[in-house]
Structure formats: C-alpha cells, structure tokens
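See structure below.
Letters A, B and C mark the chains in the order given here, with residues in each chain numbered from 1 onward.
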Amino acid sequence: MRYCAIRAVMAAAVLAPCAAGAEPQAEVLHWWTSGGEAKAVAVLQQEFAARGGSWTDMPVAGGGGDAAMTALRARVLSGNPPTAVQLKGPAIQEWYEEGVLADISDVAAAQNWEQVLPQAISAHMKCGGTWCAAPVNVHRVDWMWANAEVLAQNGIGMPASWEEFNAAAEKLIAAGITPLAHGGQAWQDATVFETVVLGIGGTEFYRKALIDLDEEALGSDTMTAVFDQMRILRGFVDDNFPGRDWNLATAMVMNGEAAFQIMGDWAKGEFLAAGKVPGEDFLCASTPGDGFLYNVDSFAMFDVGAGDAREGQEILAELIVGPSFQETFNLAKGSIPVRSDVSLDGFDSCAQLSARDMNAASDDAGLLPSFAHGMALRGAQAGAISDVVTAHFNSDMSSEEAVEQLGRAIANSM
Amino acid sequence: MLSWLERQIPKIILAPTFAAVTVFVYGFIAWTAWISLTKSRLLPNYDFAGLIQYRRLFDNPRWDMAMGNLMVFGLLFILLSMVLGLWLAILLDQQIRAEGLIRTIYLYPMALSMIVTGTAWKWMLNPGLGLESLVQRWGFDGFRFDWLVDPDRAIYAIVIAAVWQASGFVMALFLAGLRSVDGEIIKAAQVDGIPDWRIYASIILPSMAPVFMSAFIVLAHLAIKSFDLVVAMTGGGPGYATDLPATYMYAMAFSRGDLGQAASSAMVMMMVIFAIVVPYLYSELRAKHD
Amino acid sequence: MTDQPVPLSAAPAGMRVTRPRLRRMALRAGLYAMLAGFAAFYLLPLFVMVTTSLKGLEEIQSGSLVALPREITFEAWSKAWSGTCTGIQCEGLRPFFWNSVAMAVPAVILSTLIGALNGYALSHWRFRGSNILFGAILFGCFLPFQVVLMPMARVLGLLGLAGSIPGLVLVHVVYGLGFTTLFFRNFYVTVPGELVRAAKIDGAGFFRIFASIFLPLSLPIVTVTVIWQFTNVWNDFLFGVSFSQAGSQPVTVALNNIVNSTTGVKEYNVDMAAAIIAGLPTLGVYVLAGKYFIRGLTAGAVKG
C-alpha cells in the first residue's frame, strides 16, 4: 500500500495496477514476444480474463531470456517481484533457494498434476516437496529437419546413425549442397553438441555427463569421440555460419541450399509459416540415437503474499496446466502438451511423433532434460560447458584438448 | 559582506551531487568489491569467501580472451576513430559546400543505438549476405571479406562498426577545435607563404591538445562500455572470440547466475579504468589550477 | 566566440593566382570525391535498414538481405508503429513511445540543470576539496553500468521507486551528472574570473551572478549537453529493461522485444522499420540541432 501511495504521487503516468480492486491480479514476466508465440500467450490472458482476472503483461525478449532474467533480478531485489515468471529447469530451484517462490501445492493437488504430468517433468516443478511452478509445453530439442526434395534427389533417407549421417553428408557435398545448416551462436553449437552426446553416448552416458557432471564420463573416450564427431560436423557446415540466426539456417533448408538442420521443434514454425507441409516439403526425425531431449517452458510463481495477486496466481497455475490452454497454446507454438491426456488430433505429424516418442522415452528413462536450453544444469555449469563446446567448434582445438578443458571449466564453475 | 549561509551556497548546491556520487558510484563500487569476495550466485550473499572469485577469473580462458580483446579493440578503436575523425574534420574545414548535410551524415551514427545498427552491420559484414557476396556478384570472384566469421579477425570487424559509430562524433570535436584556433595566426602564416599542411602540422594541431584529450576520454569511455555492439553483431562469437569484459561480466551476472564471478571481473575492469582515467584527471585538474 | 572561423582555403586572393587553376580544381574534385566516399560509408547501414524495411517479407526470405527492394511497401512501417506484437499486446511501438518521452524529458532537464549549477559552482566558487570532488564526479562517467544494476535495484526498492518512470529518471539523472557537470564546468571555466569578482564586489550573490552573467552565455553548451543526454537516455536499454515494469517500459525495451524474439518467425522488415522509428527522435535532434552542436562544442566544451 505504501508503495502504491508513493507511486500514485510520484508517477501519474504509470498505468500499473495500484487500485486495490477485488479482482485477481497477475503480472507475468515472459519472453514470448513475436507473432506466433505472443498469440499463444494471449490465449492464456483471455482465459484468465474470462475467470475475472486482470493480466498485466511484462514481456522482455532477448537471448533466450537473458534480458528477462536481468529484469527479474532487479525486480526481486527491489522487493517487487512479478506474480509469475517464465523460468525453467534448475533455475526454478535456484530461485527457490533464494526463498522467493510461492507454494502452489493446493492447486496442484486439486488439479491432480501428479497424475497427468510425466514424472521427469513434474520433478522440475517442485521445490523441496512443494509445487512452485506450472509447466506450459514440451519442446523436443533433438530434432533433425530436412528438405524432402534434396534428400530424394540425392537418394538419401533420414539417417539413423551418425555414420549414416556422415555418409549422406559426403554425398551432399559432392552434389554441391551444404549438408548441415547451422547458426554459429553458442546455444546453437550446444544444441548440436547435446544431440551428438545423446547419439554417440546413449541415454545413460548423457545422464552421467551432462546431468550428474560425472568426471569419469566427462573425461572418457566417448566424450573424445563426441568432439571428433563435432569436428566432422564442422566440415559439413558452410563457412559463413558464425552469428547466423537459427531461422536463417532454417531458411537454407527450406530453399534447398542446405539439406539438414538440427534444431528444436520451434523450427517447425518457420517451415509452416512459409507454407511448407510436413512429410511433403520437409521431413522431421529425431537425431540419430535413442532418448528424448526436452525443453519445458514453465512459469514459476513468486511469493506475492496474500490477496489479489495470490488469487490470480492460483487461477493462472490452474489454467496453464488445464487441457484447453495446453491444446491451443501448443498448437500455436509448435510444441506438444505436457499432459498425456490431451487429444493430439489437431496436431501435425511431427508433433504426434514427438508425443509418441515422449511417452515411450518416459517409460524407459530416456526422457532427458536438454543441457543446451538450461534444463539440465545450473547456469554456471551449463555456461562453462557451452564455452568449451563453442570454442572447440569455432577453432581447430583437438578433441583431446577439448575434453581436458571441459574438466577444468566444470571444476572452475563450481 | 556575505553572510555565512551565502558563503555555503556552493557547497549546498553541490551537496546532492556529492551524496549521489558517494552512494551511487563509490558506494556501489564498494558493494561490488565486497560481493567479489563472496560466493554469491543468483542473488547477493554477504558471507566472506576470500579471493576465490579472482582465482576462478584468472583461471578462465574466456576472461583472458575478453581482456585481450579489450586491449586490441580499445587501441584500434581509439586510434582509428581519432585519425578518421581528424581527417574528416580537416576535409570539412576547407569551405565545403553543403557542409551541414555532410556533417550530419557523418554524425548520425552516434544518434542510433547499436541494438539497431548492429543487425545491419552483421548482415553487411557477413560474407554470405553482405559486401562479399555483393562484390562477387559484380564479377570480382576473388574478393574476400570474411572477418566477421573468422575467429581471429572478428574483433576487427567489430572495430569497423565501432569506428563507424564514434568517428563522426570525434570529427565534430575536432572540427570545433579547428574553428576555435585563432584566425589571425593562420592568416599571418598564410601570408608568409607557409603551405597548408605545415600550418596544420605545426600551428593548428599542437594548439588542439585539449581536444585530443577530450576525444580520448570520450572514446576510452565508449570502448570500456562497449557492449551492445558485440551483443548485436556477434553475440561474443565465433565461439567467444569477440567477448569483451563488459559482455563477460553481463553473462556471468545475468545469464549464468554467478554474481560473485561477475563482481570480480567488474573489479578488475574498474582497476583498468582507474589506471587510465586517474592520470588524466590529475593532469586535467592541475592544468586548470595553474 | 566572437571570431569568425577562418578556414584555410579562404586564403588571400594573391595566393590563389600563383597556383595553377587546373590543379586547384582537381584538388577540389578529389576533396569532394573523398567526402562523398566517406558519406557513402556512413550511410551504408542506414541504407540497408531502410531498404529492408521497405521490402515485403517473402522477398526477404527468398532473396538477398542486402539488395534494393523489388517492390516498395510501407506495410512494415505501419506494423512496427501500431501493429506488431511486443508481448501479448500487439500495438507496436506506439504505447512505449510516451514512456520514453516521459522518462527522457525530465531526466534531460534535471541533469542539465544540476550539471549547470555544479559546473558553475566548481568553476567559480572553488572551496577546499572542490577539485577532488570534481575528479570524483568525473570518475563516475566511467563506471560500467552493468555493475550498478543490482545495488541500484535495491536502492530503488527502498525508495519506493522500483519499476516506475520516476525511478528511471532518477537513475538517468544520477549517471548523467558526470558528463553534464564536466561539460558545464569546462565551459564556465573560460569565463573570466574578473567578471565574477566584480559582480561580487557589487554585492551580487551566487544565484544573481549565475542568472545575470552565466545563464545568458549558456545556450551553446546547453545544446551540447541536451543532445548528449537525450541521446544517451533515449537509447538506453540496460536501465530501461531492469528498472521498469509493465506500463513503464521505454521504447528500447519494446524494440528489443520485437527484434530479439528467439523462437518466433522473424520479420526483418518490421524489425528494421521499428529500429528506425525508435531512433527517429534522436536522429531528429542530431539533424535539427547538429549545427548548434558543433557551435556549442566550438564555444568551449572541447577546451577541456
């Protein structure tokens, strides 16, 4: 109240919700600001409004949420946190440890989240036994996209192993086509890296190396082999890749300049926006190997005390995981619903494949968090690994040296 | 006779600024220094932990790269901006028609934020999209201009864009300097038949020492704070080949939740700034006092 | 500045005839060619931005990014101004423009005013330690802003100004003071001390002297300071994104939301149009006041 009074005096121009009305409030910090994504979030706002809530939008795009995290820190330090914040993976736990998250276990119990969400994913949403975040969607990261026509012309199928991929790529080079469309930004290098770790090392190795940070796994010959494959992949990328946005790489696949791209399922949105049809114009398949790398977007609920904001928070949490929002949002976003009981009839074939694979992987412990997208590790460790990966990919560093640097970087980040 | 209160007015006027600077500059530096001695992660934590963050910092190859880049970038940026700015100012000082228009064209990059112009530069310097492909399409197949995607040269591409942004401003400083030189001396020299270039070299430029100093300070300040430019053009890449201390610090503090590490890098940066700026301030204030 | 500038080429007529006319003309032509060449260099990025903003999206996706548009359309401009999404709101940059104005205008006025008084006090009302104080203020100019984000957030929270435009104004005033004080001090230092002493003997006080002697002289330096501050405040993103909340976000944050979305479909034409629109106020200031800017610099700011 004191805060509101001061503001009312000082800032006549500010439109923030100071009026102590009786309607549920929610200020939502997120980084979904472009057309499709923004429309997808707008669905949530409409559902929220239909329940009598008043939504205050606080979008901050950039760097996969870096700028939003800057804003979040400033807000929390100033004692004025938003109601709900787009946060994911271990970052939720990190914020919980700072003691600023709210407990929404009531909502989770009432809505039976325990039953409808896959175990691996709900673990991210819990803080010390209570629920503190609501999952929105599941992006699959280990996707490989391909130009159907280019593949057909060169007699190539979707590769089932990295050897097959390498052989296909050699063929494409001979035909004058860039085998792999890639954008040289650290997170894109890391995205390719984690799919190679999964493909060459398998799910168990992935878990040990990129989740448990097991020293033995990180220093193993398998890891050297992973870097060897990264070096080979570097040869399949055109010279102008540094700094390229991922969507420009997608465009290269679309117009036949390049054959494949390794990228999460948001790339599908680019194909669809250009009027391409999955299965006809472009193909989707998981990258070689088992497992399923997920990137789950979620909203963490910040402690806003009791009152209108708390009420809004509970409604918001309920709506986010609710089946109707899960369906409409994910249709718009290109991802798949987190809950297993949503009908996938309206979804395209790639999304259906993704959902099938997720259920299968969920059963045999192959459902793994993506390291490149901040699901597997805390920021400092994930950043340390991605520094080494990107330095290796963008120089002539040997695999052995990369493995050695990896060990050092992780030790240094602790 | 001035009353006591009246004599205190200058101090009273300066008091709010004094307070603000004490808190918002020196207080915050002290805060950062303390945080650099802790194991702060996501949010500040005030438990003393010794020099561990500095050890981590100097053990990180990325930090070496960032500091090395700052040296290369800072030196080239300041030097090239000065040379180009001075040259443009001299050219513009030759009674040019449409001087106003040309001056505005040289000056406008300073008005735009690099968030904006960085993307355009990124395209132009990308060999596949920009100048290289354009010139090759004109028929010069051998033309290469791929600095931006070459880890060893990308920092020079950043220098180009940075010089583009700041050199117009430096031009304005120098132009103003040229115009404040006493006209009588120049006339006298011209009457004596001394060639133009010698008038510049031995009369005008030496009298502009303070302008060089101002330009240097403005440029040094821009170089140290360079951040948007790198973020927009390369995001620090290829790899982390174009990382600068400011981008390193930002990455540690805000995307990695490693606040202590960020604070230690900030302190090292501050020491570098101190080493550059304090001698300047000292000479500046002494000169004024005489 | 009462002296008219004396460009070198305004040499006495007697000298000119001694030079071969042809050579002189060739020199002039070379001079203009060089100036034009540099102008092209400076205009190139703007050219790329403008041409991209005039293209349709299909043309960008299919063709080269750096080429003339085949078909000119202003769709991207109207979309950037009032249609594109910056979050769940799809009203373009327009709503954020006012926030930036509400932030920049008071911030510029306050920091200029305080800078003028500071500069005046520091140049003509010296006291023990005033030089050290000036040095201390100047050093603040070099503080990297990334350093101050977190403690500043805490302070703004304590002051009850978090997330508000007054909070942003405060931040910009505080971190603008270094340069504004520097500008004014270096300008006022060139005013002869005798004038001030004479006025003091006549019984004029601190403010009377400021109003009657210094203020009338200040137009050039005020112009310089205002341009400098306005550009910095308007273009700031870091403070804008950290210390704003829904409803107080400045235009640079909205621009960032348009340009830097990660997983959405990129509309480069709208990005570029938005970028130019967001930059128009500062561009306008440079174009309109550019002349006075040079004059102001000439009149003293560079003598520091």
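What we mean here is this: a contact is a pair of C-beta atoms (placed from the backbone, for glycine too) under 8 Å apart; a residue touches a chain by one contact, two chains touch by 3 or more.
Model, not experiment: these values are computed from the prediction.
Novice: If you average the Cα atoms per chain, which one ends up farthest from chain B?
Specialist: It is A whose centre lies farthest from that of chain B.
Novice: Looking at A-C and A-B, which one has the bigger number of contacting C-beta pairs?
Specialist: A-C
Novice: Roughly how far is chain B from chain C, going centre to centre by Cα mean, in whole Å?
Specialist: 15
Novice: Centre to centre, by mean C-alpha position, how many angstrom separate chain A and chain C?
Specialist: Each chain's C-alpha centroid was found; their separation is 38 Å.
Novice: Report the inter-chain centroid distance for chain A and chain B in whole angstrom, where each centroid is the mean of the CA atoms.
Specialist: 36
Novice: Residues of chain A that touch two or more other chains: which are they?
Specialist: In chain A, the residues touching two or more other chains are 63, 67, 70, 73, 77.
Novice: Show the residues in chain B shared as contacts by 2 or more other chains, in ascending order.
Specialist: Answer for chain B, listing residues that touch two or more other chains: 44, 129.
Novice: Could you pull out the residues of chain C that touch at least 2 other chains?
Specialist: 149-150, 152, 238, 256, 259
Novice: Give the list of chain A residues in touch with chain B in this complex.
Specialist: These residues of chain A touch chain B: 63, 66-67, 69-70, 73, 76-77, 91, 94-95, 97-98, 184-186, 238-244, 378-380, 382-383, 387, 390-395, 405, 408-409, 412-413.
Novice: Could you pull out which chain B residues touch chain A in their complex?
Specialist: Interface residues on the chain B side: 41-44, 56, 59-62, 122, 126-129, 146, 148-149, 151, 154, 231, 233-241, 251-252, 254-258, 261.
Novice: If you look only at chain C, which of its residues touch chain B in the complex?
Specialist: Touch list, chain C to chain B: 1, 3-12, 15, 31-32, 34-35, 38-39, 41-46, 48-49, 52, 64-67, 114, 117-118, 121-122, 125, 127, 130-131, 133-152, 155, 174-175, 177, 181, 189, 205-207, 231, 235, 237-238, 252, 255-256, 259, 271-272, 275-276, 278-279, 282-283, 285-287, 290-291, 293-295, 297-299, 301-304.
Novice: For chain B, which residues count as touching chain C in their complex?
Specialist: Checking each residue of chain B against chain C gives 2, 6, 9-11, 13-14, 16-18, 20-21, 23-29, 31-32, 44, 88, 91-96, 100, 102-113, 115-117, 119-121, 123-124, 129-131, 133-134, 164, 168, 172-173, 175-180, 182-183, 186-187, 190-191, 193, 196, 199-200, 210-211, 213-214, 220-221, 224-225, 227-228, 245-246, 249-250, 253, 259, 262, 266, 269-270, 273-274, 277-278, 281-282, 284-285, 288-289.
Novice: For the complex, which residues does chain A have touching chain C?
Specialist: Residues 2-3, 6-7, 10-11, 13-16, 27, 30-39, 41-42, 45, 55-64, 67, 70-71, 73-75, 77-80, 82, 245, 247, 251, 255, 264, 266, 269-270, 273-274.
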